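Below, chain A partners chain B and then partners chain C, in two separate complexes.
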Partner chain A sequence: MPKQLTRLIIVFLIFISLFLVVRHFLVPESFYKFGHYRADALKDNEDHQVKYIDAAMCSACHTDIDSLKVSGPHKNINCQTCHGPGYLHVEDPSKNVLIKPTERAFCGKCHSLNAARACNIIKQQDIAQHNIDNKCVECHNPHQPQP
Partner chain B sequence: MKTEKDKNNSRREFLIASTAITGGIVLSTFLNPFKSIAEAKSADSTKDTIKLNDKNVSLAKDAEKWWGFGFDIEKCIGCGTCAKACKEENNVPKEPFFFRTWIEQYTEKNDGTLKVQSPNGGIDGQTQAVPSEDIFKSYFVPKTCNHCSKSPCVQVCPVGATFVSPDGVVLVDEKYCIGCGYCVQACPYGCRYIHPEKEIADKCTLCYHRINKGLQPTCVEVCPTGARTHGNLRDKKSDLVKFLKEHNCHVLKPHLNTGSKLFYNGLSEEVR
Partner chain C sequence: MGNFDQLYQALTKVDGFIYPNELELRWSVLITLYPYITGLVAGAFILASLNRVFNVKALKPTYEISLLAAFAFLCVATMPLISHLGQPQRFYEIMMTPHLTSAMAIFGFVYLWYLMAVLLLEIWFDYRVDFVIWSREKKGLLKLVYKILTLGVMDTSPKSVRTDNKLGYIITVIGIPSAFLLHGYVGFIFGSVKANPWWSSVLMPIIFLFSAMVSGIALVLFLYMIITYIRKQKLDMLCLDTIGKLLFYILILDFTLESLDQIHRIYEAGESFDIISLLMSKLFFSLTIMQVLMGTFIPLAILGFFQFHKPKEKIRKAAYFIISILVLVGIFFMRWNVVIGGQLFSKSFLGFTTYKIGLIGREGLIMSIVWIIVPFIILTFLLWFLPPWKKAHIEDK
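This part shows the complex of A and B:
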């Protein structure tokens, strides 16, 4: 083999080794464990805070409202659908008060007339005409809205 | 004489062999950087498919969980609770244009034209924009990441910061993403955005932090009409497999062959 070629091969080998050594320190530990990504990222995604908690926890303290709700048409609606995320409230109910949405537009988000809403899924009212002088909750208990 | 030499030889051989072995072990610890050569393997060799409702759904061969979504367009009332709750649960910026899930209202008019609207992603509720007498058909379409098993967004990522997890959820590695935005361009469903504060790609995680704790994804949890279902495609008794059996479901843009795992009941041809 010519001398130049031998030298070239040696230089190449050093180069490749150097590349692999540098690469070793740049690629994170868990990379390639499951595929072309950091396996630890699964853990990172799993560790996020749960804010909308299990609705059964609300019922544990608010038994009266829960038993009222299960008898009405809103029985399948999660408390937090209306009251927002409850993770802080359950830790300290007096400090972290949940919202109570009483404005007419709130009920209208689900109940206002819209051609895209199927009548057998949701009963609708023309919000601009149905008893406009009062808030909805004055006549309909939000937890048992049947009039 | 002969035997003595043999003895000498065998001792020498033994010494040589043992130094070689110890030396080899010591040397091999320096070889750690080079193991990637040996470990290089072909991707996508572990995929399998099952037939559901005459459609092929791809499954990872060895995964015991393979998550998917099922949305019922006939049940969706477009209240936007899912989109609002998703933002709260996952710290999505409150200002418009950033969504992990959103609602579109499709209105097919009598004159044959189509109107699609989604004011602020439907978070504040939808108002009917076309007078009732002009409407031929109208419906809401909830949208989110399709959690494709052959995802275009994963294929274009230059650093391996987005991937399909072993249980079939397309996730973003927050610490590794460089925010180049290729994946935002590549997603045919428009489900990704660049987070304005973190400056990385962000998208639906199928509430990975919830489903692994036995909870439902937030949007499924808060939906008042049960229009959203999620479940494990591998589990014959899961809500999703039941939903797929009971309804004639379709995926968005099937011609792109993305292996979408978001199944719609009542999907019209007009929906893109």
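This part shows the complex of A and C:
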């Protein structure tokens, strides 16, 4: 066998052994425990802080608003879409007050004129023109908006 | 409220109906660079291999340049991917826990195979005797480095050189399918995304391969002219004409394949066809102007003309130089049209988002320019460290 070849084989063997040694130290401890993933990842996900709650939990306390909302066009919109994540609020309602967005631009996020959207599904209004001195919520109750 | 503001701003970029997760492009300009740079590697290497395996003597002046260019670009090929990662410091994990069912997880090994078993070996066999000679001539640290690189094989006899050539030849023969594998794989990554009609095509690996060859040949043409100019040497016109001819043939093949892909889409006129025809008009600048007109038609026309009539050397030199740049830019836009174009339209086939490249940041313009420049810096170092023009010709003696 030519000398070049023997030397190269030695170099490759060294490289492969080094790779295996490095691999031994770098593969996360719990990898392959349950499958081709890091078993500890399950624990990491479990430890994430919960931010949102089930909408039914909102209805449990806010029965008045719930009864209003169920018959209106916003019935399928989750409370937390407008009011933000509610987990901490449920833990301690007095300390963690949720937001109540009232500015025109906020309603406009769904309802402002947009030629690319079908106007028979979400009502559209030119918020730069329509009754500009007042807030939307002064005329339209967001929990049961009427046209 | 900050999130809503971001969302509202993002919505102004949208046409028609798109799904929420399609607002922002996940694969940015860096993912455009990755197949581009990998293509340059594969293309430059294939040119070097043609020279060696088919013994195309006219290409000899570009042999080492192609090899070293392939190596310089290969060193950087993974960097756009790594800088695109959300957790770049964990890049090595793909190699540590490979999975055979994931094309991306296999990439690390395809890359390593190509780097270690093909490119480095070929360069080593090509330069071994020179390492020995230089390790005797140089002093200090450089002497030591060259000596280590010989791996202790200090034989400079014609017999050992013949062995080097023979083994190098075998490596080249293995290298050609490896280069095809490396870049075919990159096309495969896109071609296998069945949810995306702009990508999903069995022709994709082949198109990527041929465009890689086109860009690699253009790169070597460009480098050869620049390096010769800097070294104040005379350009070998036979070599330039041969590269030009090769570029012409491969460009025709590449153009034919890409046209075939488009014609197939147009004739098939599947459910995604409406959005794709709109997409093509959206990509007017990058597709029609840059890729097709500047990157393909003009080079094809000039190179085609040269096959029938050869103007003066001066004109040909200038033309080759301009063509190499046009082709390099054109292929970049081809990658852009694939990667960015494929993410602009919604899976609903009813809307578009837009992509605006940022200037700074991990996925910005500056970062991309850095990854384009670094290979040239590496190549400059390699040309100083392994100068092809100072190689010994032992077999001739």
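What we mean here is this: the second predicted complex is superposed on the first by the 113 of 147 C-alpha atoms of A that agree within 3 Å, B and C clash if a C-alpha of one lies under 4 Å from a C-alpha of the other, contacts with A are read in each partner's own complex, and residues count from 1 in each chain.
Assume a contact is a pair of C-beta atoms (placed from the backbone, for glycine too) under 8 Å apart; a residue touches a chain by one contact, two chains touch by 3 or more.
As the structure is a prediction and not an experimental result, all values here were calculated from the model.
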Partner chain(s) touched by A:F31 [first = chain B, second = chain C, both, neither]: both
Which superposed partner A:K109 touches (first chain B, second chain C, both, neither): both
First, second, both or neither for A:R23, with chain B first and chain C second: both
First (chain B), second (chain C), both or neither touched by A:E138: neither
Chain B versus chain C as contact partner of A:R7, first or second or both or neither: second
First (chain B), second (chain C), both or neither touched by A:I99: second
First (chain B), second (chain C), both or neither touched by A:D126: neither
Partner touching more residues of chain A, whether chain B or chain C: B
On chain A, the residue positions that both chain B and chain C contact, one per complex: 23, 27, 31-32, 36, 105, 109, 116-117
Contacting residues of chain A [partner chain C, same complex]: 2-5, 7-8, 11-12, 15, 23, 26-27, 31-32, 36, 99, 101, 105-106, 109, 116-117
Footprint of chain A on chain B - complex, ascending: 32-34, 36-37, 39, 43, 74-75, 77-81, 85, 88-90, 105-107, 124-128, 130, 132, 135, 138-140, 160-166, 171-176, 205, 208-210, 212-213, 215, 218, 221-226
Of all residues in chain A, those that touch chain B in their complex: 17, 20-21, 23-25, 27-28, 31-32, 34-38, 41-42, 44-52, 54-55, 74, 76-78, 80-81, 84-85, 105, 108-110, 112-118, 121-122
Touching residues (chain side chain C, partner chain A) in the complex: 1, 4, 7-8, 11, 14-17, 92-93, 95-97, 99, 116, 121, 124-125, 128, 151-153, 155, 160, 163-164, 167, 351
